[in-house]
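Structure in structure tokens, see below.
Naming follows writing order (A, B and C), and every chain is counted from residue 1.
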Amino acid sequence: MSRMKWMAAAVTALALTVGAAQAQEMRKIKIGTEGAYPPFNNLEADGSLVGFDVDIAKALCAEMKADCEFVTQDWDGIIPALLAGKFDAIIASMSITDERKKVIDFTNKYYNTPPAIAVPNDSKLGGVMASDLSDIRLGAQSSTTHSNYAEEKFPDADLTLYPTPDEYKMDLANGRIDAAIDDVVVLSEWLDTDDGACCRILGTLTPDMKINGEGAGIGIRQGEDELKAMFNKAIDAIRANGTYDEINKKYFAFDVFGS
Amino acid sequence: MSDITSAPPQVIQPPAPPKAGWTKARIAGHALMGLWIVAGVALVLFLITSYDAEFYDRYTPKFINGFIVTLQIVSLSLIIGAAFSLPLALGRMSRNPLAAVPSYAFVYFFRGTPLIAQTFLIYYGAGSFRDALDSIGLWWFFRDAFNCVVFTFALNTAAYQAEILRGAIQNVAKGQSEAGESLGLSRFLIFRKIVLPQALIVALRPYGNEIVLMIKGSAIASIVTVFDLMGETRRAFSRSFDFQTYIWAAIIYLVMVEVLRRVWDKLEARLTRHLEPDTSAR
Amino acid sequence: MDQVWTLVSFGDEGWGDEIARGTLLTVALALSTLPFGLLLGFFVALAKDSNEPSLKRAAEIFTTIFRGLPELLTLFIVFFGVQILLRQFAELFVENPTIEINSFFAGMVALGLVFSAYASEAFLSAFKGIPSGQYEGGFAVGLTRFQTMRLIILPQLIRLALPALSNLWLILLKDTALVSVIGLADILRQSGIAARVTKEAFLFFGIACLIYLVLAILSSIVLGGIERWAKRGEAAR
């Protein structure tokens, strides 16, 4: 070949390799989670993060070919931390609600489970209607849809808010509160452990769309439409190719995606 | 009889007149004042632009409730602590080891450890001792977070107040109690009528400081689920994500502390009006 | 009793190493805050001592604010507020900036601001306790203002302010416990985690209190030594 043709070929080859290298450069995404909400996200004693949320996050990152790093953050400060740029996405069982949509944006949901009420085994409470639960001490984690639900639906109960689920579980076990409200899966998982042997589920509650939202989604800052689209595509992908079902089966006996 | 052991009255020099022209200090001073003014204006603008009628409707009653709870915590702790501080101070000054040692240990513990650690110890500790407390019939008290908080704060301020009282009592000139003895008064009467009133005047300023510290320390109650002013602020922020909740809380606390300080200064001025003017450095 | 020893031991089973790490963090936080607080407090005291009314007023506003706000509130405002402010500021220049205010730094700044407000009062009364003859003597010998400050005033200042500053150091040690609320793994937070997991709240919080007491005792010993060193020039009374 003539000199010119060699040059052209060399330049094209170079361009292609550079292009390929660029395509392989993985997008870095920092994911914020709580680490105190088993079985969805929990910090093990050795410092590793485990749980449904964590596995889903890892699967999504693999699907998006992104390099994901996890950051733990206390629940109360998780949205301000997202807004401050500490991480790029919240995957911590955060329900998609209109109230939260005022400050952050959400992807589509990745699961949806109803709330429930747990009580000590010897509790005299009859049911989960507002009338049954008036004048009792009710506990919930602060800044959650469950605490909002309790404030709206059980206004006659004496509501106590706790920074982490561990603390309301402790107070339910030692009798400081008469009942606790949280996700039915979280409560059931706790009741199966030794610490939860003290208590039982009183009943499941009917979720209110306005309070509980459409389910748990991934929280991202407003205006990050590209990231939102990437996540949504990945969620659809893992639903379609069976990865979601695999992770679902690992933790639960039923389908958590919900309707 | 004039007291010849006191120092001759100090000549109070008038302060030096400020230098004319733009010295470095003047530039710095005006620059910093400018900064404060800008910050203040920015704050007010922020509050105005984030004005949301719904926010105020929803959270004003809650903030008022929180404020009342804070006042309740502070006043109950201070009064109970004051009552307990008197025997504690006497114990500290006693020569009898049975009284002196436990008092010393108590005061050392409560002044040497953080208030938040003490609060956790009693609040969570009571929770873990539920059965034991049940059996001695005290669980109903410690069940309530408000009670745990007032209990801890009262013990804490009792320790600090005991030291203030002790320092003040020991500061009253020995001649006062000797004069009382020479008049044939009983020890109790000397203490009550001569020493204690004078001690309380010396103790006024540190007492005022202790009240301020208790107002500031009461914010810790919010960490153990009590809905005081700080607790309501955190709850409001966690639902609205509006930073003005913290600004309003800061304003309310600052106003509380400043009002108290001014009232206390006036009280001190009035109660010490019979004494020589204090020319010492402040 | 055996069980208690296992719980507190170092290694996998026990929480001893977590709490020891927490202790290191507490001491590190207090020691890092100290120079910042002392320096700032010194300058604020200088401002309050000056003849220039605007400077005095500016310094007084500073101390009123930071002595009047609850430390917990200052901590939250610094932690949440400054992050939001910096991010909004940076957004003017860069798209999607990552400003991360580390909890340790937020704790240091908040505690330092509070410490400096109280320290300025201590320095101010120390300033007032140094006779003006000392400054005049310095000028008479031909030293510049800076040299006078460094060689003559400062040593006396330290001696006069030391008791008040020692007290403030002990208070600072106790105030570091508040950073457990913004997620820093100090003594209190680690004991809290241990207490939560093992359900032995009284044991672990009791240990935390004991550690604070030990730190206070150690500090008193060191401060006593410093006080003796500062007073070495004084004649015996």
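Just so we're on the same page, a contact is a pair of C-beta atoms (placed from the backbone, for glycine too) under 8 Å apart; a residue touches a chain by one contact, two chains touch by 3 or more.
The structure displayed is predicted, hence computed values, not measured ones.
Placing every chain at the mean of its C-alpha atoms, the farthest one from chain B is found to be A. Of all the chains shown, the one with its CA centroid nearest the global CA centroid is C.
The interface holding more C-beta pairs in contact, when A-B is weighed against B-C, is B-C. Chain A and chain C have centres, each the mean of its CA atoms, that are 38 Å apart. Note: centroid distance chain A to chain B, computed from Cα atoms, is 43 Å.
With centres defined as mean CA coordinates, chain C is found 20 Å away from chain B. Looking at chain A, one finds that residues 80, 83, 170 touch two or more other chains. Of all residues in chain C, those that touch two or more other chains are 80, 84, 199. Residue positions of chain B touching 2 or more other chains: 124, 127-128, 223, 234. Taken together, the chain C residues at the contact with chain B in this complex read 47, 50-59, 61, 64-65, 67-73, 76-77, 80-81, 84, 124-125, 128-129, 170, 174-178, 180-181, 188, 192, 195, 199-202, 205-206, 208-209, 212-213, 216.
Looking at the complex, you find that chain C touches chain A at residues 12, 79-80, 83-84, 87, 96-101, 182-183, 196-197, 199. Note for the complex: chain B touches chain A at residues 124, 127-128, 130, 139, 143, 145, 223, 225, 234-235, 238-239, 241. Chain A contributes residues 45, 73-74, 77, 80-81, 83-86, 164, 166-167, 170, 195, 224 to its touches with chain C in the complex.
Per the touch definition, chain B reaches chain C in the complex via residues 15-19, 23, 25-26, 28-30, 32-33, 35-36, 108-109, 112-118, 120-121, 124-125, 127-129, 212, 215-220, 222-223, 230, 233-234, 237, 243, 246, 249-250, 253-254, 257-258, 281-282.
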